[in-house]
Amino acid sequence: MRLEPKPAPSLAVTLLFPLAAIATTLVLTSILVLAAGASPLSVFYLVAKGAAGSQFALLETLTRATPLIFTGLAIAVAFRAKLWNIGAEAQLYIGGVVTVVLGTGALPLPSVILIPVIMVAVMAAGALLLLGPAVLKTRFGVDEVVTTLLLNFIVLLFVSMLLEGVLKDPMGLGWPQSQKVVAEAQLPRLIQGKRLHYGFVIALASAVLVWVVMKKTVLGYEMRAVGLNPEGARFVGILVNRALMKTALLSGGLAALAGFSEVSGLKGNLTLDLSPGYGYTGIVVAMLAMLNPLGVIASAIFVAGIFVGADAMSRAAKVPSYIADVMVATSLLTMVVAILLTRFRIRWR
Amino acid sequence: MDALEILFTASFWVAAIRIASPLIFATMGELICERAGVLNLGIEGIMTAGAFAGWFTVYSGGNLWAGLLVAALVGAMFGLLHATLTVPLGLSQHVVGIGVTLLATSLTYYTYRLALPEVTSPPKIEPFQPLPIPGLSSIPVVGEALFTQTPLTYLAFVSVAAVAWILYRTPIGLAVRAAGENPSAVEAQGISVTSIRMGAVVVGSALMAVGGAFLTTSAFNSFFFQMINGRGWICIALVVFGSWRPGKALIGAILFAAFDAYQVRLQQISGGIVPYQVFLMMPYALSILALILVARRATYPKALMIPYQKGER
Amino acid sequence: MSSNPVLRLSRISKRFGPLRANEAISFDLKRGEVIALLGENGAGKTTLMNILFGHYVADEGTVEAFGKPLPPGDPRAALDAGIGMVHQHFTLADNMTVQENIALGTQSLWRMRLDRAAARRRIEQLSADFGLAVEPAATVSTLSVGERQRVEILKALYREARILILDEPTAVLTPAETDALFRTLKLLVAKDLSIIFISHKLHEVMAVSDRVLVLRSGQLVGERETGATDRKELAALMVGQEVKPAEVSPVKLGAPLLALERVSTTPYNGAGLDKVSLTLTAGEITGLAGVAGNGQAVLAALIAGIRRPTGGSISIAGREIADWSPRVALAHGVARIPEDRHAIGSIGDMSVTENVIAERYRSPRFSRMGFLNWKAAGRFAEKLIADYDVKCPSPEARIRLLSGGNMQKLILGRALDPDPAVILASQPTRGLDVGAVAYVHRMLLEARDRGAAILLISEDLEEVLALSDRIIVMSKGRLSTPSSRGERSIRELGELMAGHSGEHSDHAA
């Protein structure tokens, strides 16, 4: 068996591949649904209804998509440069910590100043957190996959320590949770009385900005070149390590914004269950989007829809909501195969 | 008890060797994969699946050894999935590895919920019991630490010897090492690189799953969510730390486990002055530190993470 | 009996996309015979042997060994049929010993124990019989290139190969090592082995073979008994027309542009540089000849900016440059044509447009305030495609889909725009077809006539002789004194390449 490169298919055909991957995923996960004694069609219908069947469902899906857009962008940026940032979860939590530190009354500023200040600080913190593994990679040759993964555990313990120590809410009845951020540090709701908040708008704007960076700027060009062929990039005068550092800063900053958006826009305070693995799910979001920043919006909404829909479905049918995680993981694997098939043809001899 | 005295108690070393056992299995599994040129980041999920499969087999009435066998088979299946995507298709070992971890973990949780929809606390099984080796186990400290363990711990040590023997003393071991160094050397000698690499990943994954099953059938007696808790990632660090050599990796695993056992005991005697999270962080921080120390002079397999196509040079 | 061929290839054809690598090639190999497979780079020799050995599967045609058909695409079957291959790029695992490399795959994979003692005895016996001295317990990473090649031959003999294929075996050898290899081949033939010897060097083909097959553009264009032909005829067959040297106008020397002063480096893909001094002068092509691995790679990397010297200085137009890098080199008008156009010279998954601006993307021509001007970039790509007659579907196509010649034209176009002062051309025609080679030569000569200072590094001595106004030989990381066009004979150059002369000099070259 051999893989032969082939010309890139047209955009329309390219868009068919994620759909084929999703279709394959549905077929594969049907088996699990059948194992649960339920009918796949009705289960998938319930998931879809739970994700988009009503205004409430749709808004819930978009709310859930918000942190995934941020982590998906973080991963898309990093993976473009082949910087394997698996630490978006840690960066997200650090973003939450900084939001709470600055947003619970430490800075007596009006909203229009306070929120940008917090965002800048949040991005700086996330950026620095990924800079460590990036420096270890370029200076010492330490694989960043392992360091970012291990940092996830360290940071989560660190957050746990803070929440039982200096950041603990004295009024929290002993729960490990922080105080609520002040009103000036909160992102307003998009629609009065609903959960969807301005974090979603910031996420959309970030996606557009990242798209511009990747597509139109010198930095994006350098990042892509470094990811595709570091030796070749060095030869033409790209400063490879510096490009990787910039990638790390951008990626870490984006992931940290997810934590900011969740705390400031949705939860109001920091707890240890701020993220049910948004950092890891971001990898799937980015891959489903074929690392395209605008595609991240669509794939984040899709993935969020699966989770939201599966929650609703599992209440109605007797299928565990973990089916959502299985679907998401399966779609990651089917998607990488689909991407391969857009670029290579398999010859059996 | 003072902080240094701990190091000379048998109970401390018994615990250290017990903590090391699952790491030894999984580290050997990862080492085989990487020696053949494939980074297997599916390890965390495969260990989770193995932990569940072993426990669930026993819970459903199978005996302990059957549990182990089922765990190994489940691990091998996820290994086959990983290998199919990364070896003949040459997909990114990073992305596929993370995907396999996510898939194995979520499938495990799904199956658990499906099988036990109503339970709040996980049911217990009768795990492997310690099997003191007559004579040897009465040697003070060392004998007690090494020879009052469960059969699975002994098996972990046997697995190190077996992996070392296979890699350095058998024809197939030569092929595995060559596949990770220069796959064209393997192909030029008439051996299929694809088969060698896939075989290594499948066998390695089975070992990882056995490592996971150790937790549910030997160290503890039940299955919990999140029970692997980063052990897989630590094993990847241990392989690097051991310079891809079974013996050195074994030493690394024991050192790491000793440190882990030590921090738990330090926690107890520190009297709460230092937050307990600081102690819990130490093993992860130590792994990163170990990587920094060895990464510079590590002689990693040259073809690691590089896909191979037939006829390519 | 002896009239039965040991190997028979019938109408072998193989295509890679639009490229016809082999077209209906047939020939027989007799017992105890040495066939030379002669052809230029890219003529299809290596492809043919890879098909024979089972690395590739032919689109059409069959291979028969000792009267039995060989299943396609199965190196194991080829080995079992008694075919051994010594690849151009060695297939050895550096982390293992000589003995382990040789024993790999010779014992059943399911044996519980490797039989080391027997292997060692046999290796020592074979070494003695065929003059292939090498220590079985040595780790391959510690061996010299010549020793590694002997290990490769031992690998085949250990498996009792009756047919030995050698792919460009002398490219990496010194003349003395080459002679030793030829003696070994004679011993093998005396034991009734048959040999296919792949080469593009005429004198070797004449020295070693019984029969010569000439390949050109994937076709078998001639077959001659070695005794009944001469170099001139073979050369004509190989190239397809009378070999006429490129038209060279008289030199108009200008100012010295790039100067290395006693530069040393660490080893990299072969020897490191040892206090090398070299000046490139405007209007002149300096040719660097030498056996591969003697420091050419690191010299090219140094001038390209991707390696730094450990000692000595680099100056441009008389000014010493302290901080040398690809960016600095480019800023000073040094154009680079790298040896490996796939790994270094291009970014395969980027488009043609993205590749051609790679050396200039930060200039105001292609970007402003950190934003790229894709319109200007696209226009530049289209201009290069038109000017250099590049065959490609569109500027948006990924560059890896292009053929080697077209890719090289783009790299050349990128490097020569705008007129560079200094040009480093490292193996600029490797793997190209005859037409593309002539094109590259013409472009280099034109650049010289416009006043560029050019360093041509090539393993192809004929190329160096044809283009260079001044020839320098590199050996063991040092340079010979230069000689002007026609001053030294091929024999004299060969001796210098072997490092057999006291002419090495630290001084001005």
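Order of writing sets the labels: A, B and C. Residues in every chain begin at 1.
FYI, a residue touches a chain if its C-beta (ideal position, glycine included) is under 8 Å from a C-beta of that chain, and two chains touch if they have at least 3 such contacts.
Source: prediction; values computed, not measured.
Chemist: B-C versus A-B: which interface comes out with more C-beta contact pairs?
Modeler: A-B
Chemist: From the C-alpha centres, identify the chain that is farthest from chain B.
Modeler: C
Chemist: Between chain A and chain C, what distance separates the C-alpha centroids? Give it in angstrom.
Modeler: 47
Chemist: Averaged over CA atoms, how far is the centre of chain B from the centre of chain C? Could you give it in whole Å?
Modeler: Here chain B and chain C have centroids separated by 45 Å.
Chemist: Quick check: how many Å separate the C-alpha centres of chain A and chain B?
Modeler: That gives a centre separation of 28 Å.
Chemist: Touching two or more other chains, which residues of chain A qualify?
Modeler: Correct list: empty.
Chemist: Using the touch definition from the top, which residues of chain B touch two or more other chains?
Modeler: Answer for chain B, listing residues that touch two or more other chains: 310-311.
Chemist: Specify, in ascending order, the residues of chain C that touch 2 or more different other chains.
Modeler: Answer for chain C, listing residues that touch two or more other chains: 73.
Chemist: Spell out the part of chain B that touches chain C in their complex, as residue ranges.
Modeler: So the residues of chain B in touch with chain C come to 169-175, 177-178, 181-182, 184-192, 299, 301-302, 310-311, 313.
Chemist: Which of the residues in chain A come into contact with chain C in the complex?
Modeler: Interface residues on chain A, with respect to chain C: 4-8, 216-219, 221, 224-225, 228-229, 231-239, 343, 349.
Chemist: Which of the residues in chain B come into contact with chain A in the complex?
Modeler: So the residues of chain B touching chain A come out as 41, 81, 85, 88-92, 94-96, 98-100, 102-103, 105-107, 109-110, 113-114, 117, 229-230, 233-234, 236-237, 240, 275, 277-278, 280-281, 284-285, 287-288, 291-292, 295-296, 298, 309-311.
Chemist: Enumerate the contact residues on chain C facing chain B in the complex.
Modeler: 50, 55-56, 73, 75-80, 85, 87, 89, 91-96, 100-101, 103-114, 155
Chemist: Please name which positions on chain A make contact with chain B in the complex.
Modeler: 1-3, 32, 35-36, 79, 84, 86, 136, 140-143, 145-147, 149-154, 157-158, 160-161, 164-165, 280, 283-284, 287, 318, 320, 322-323, 325-326, 328-330, 332-333, 336-337, 340
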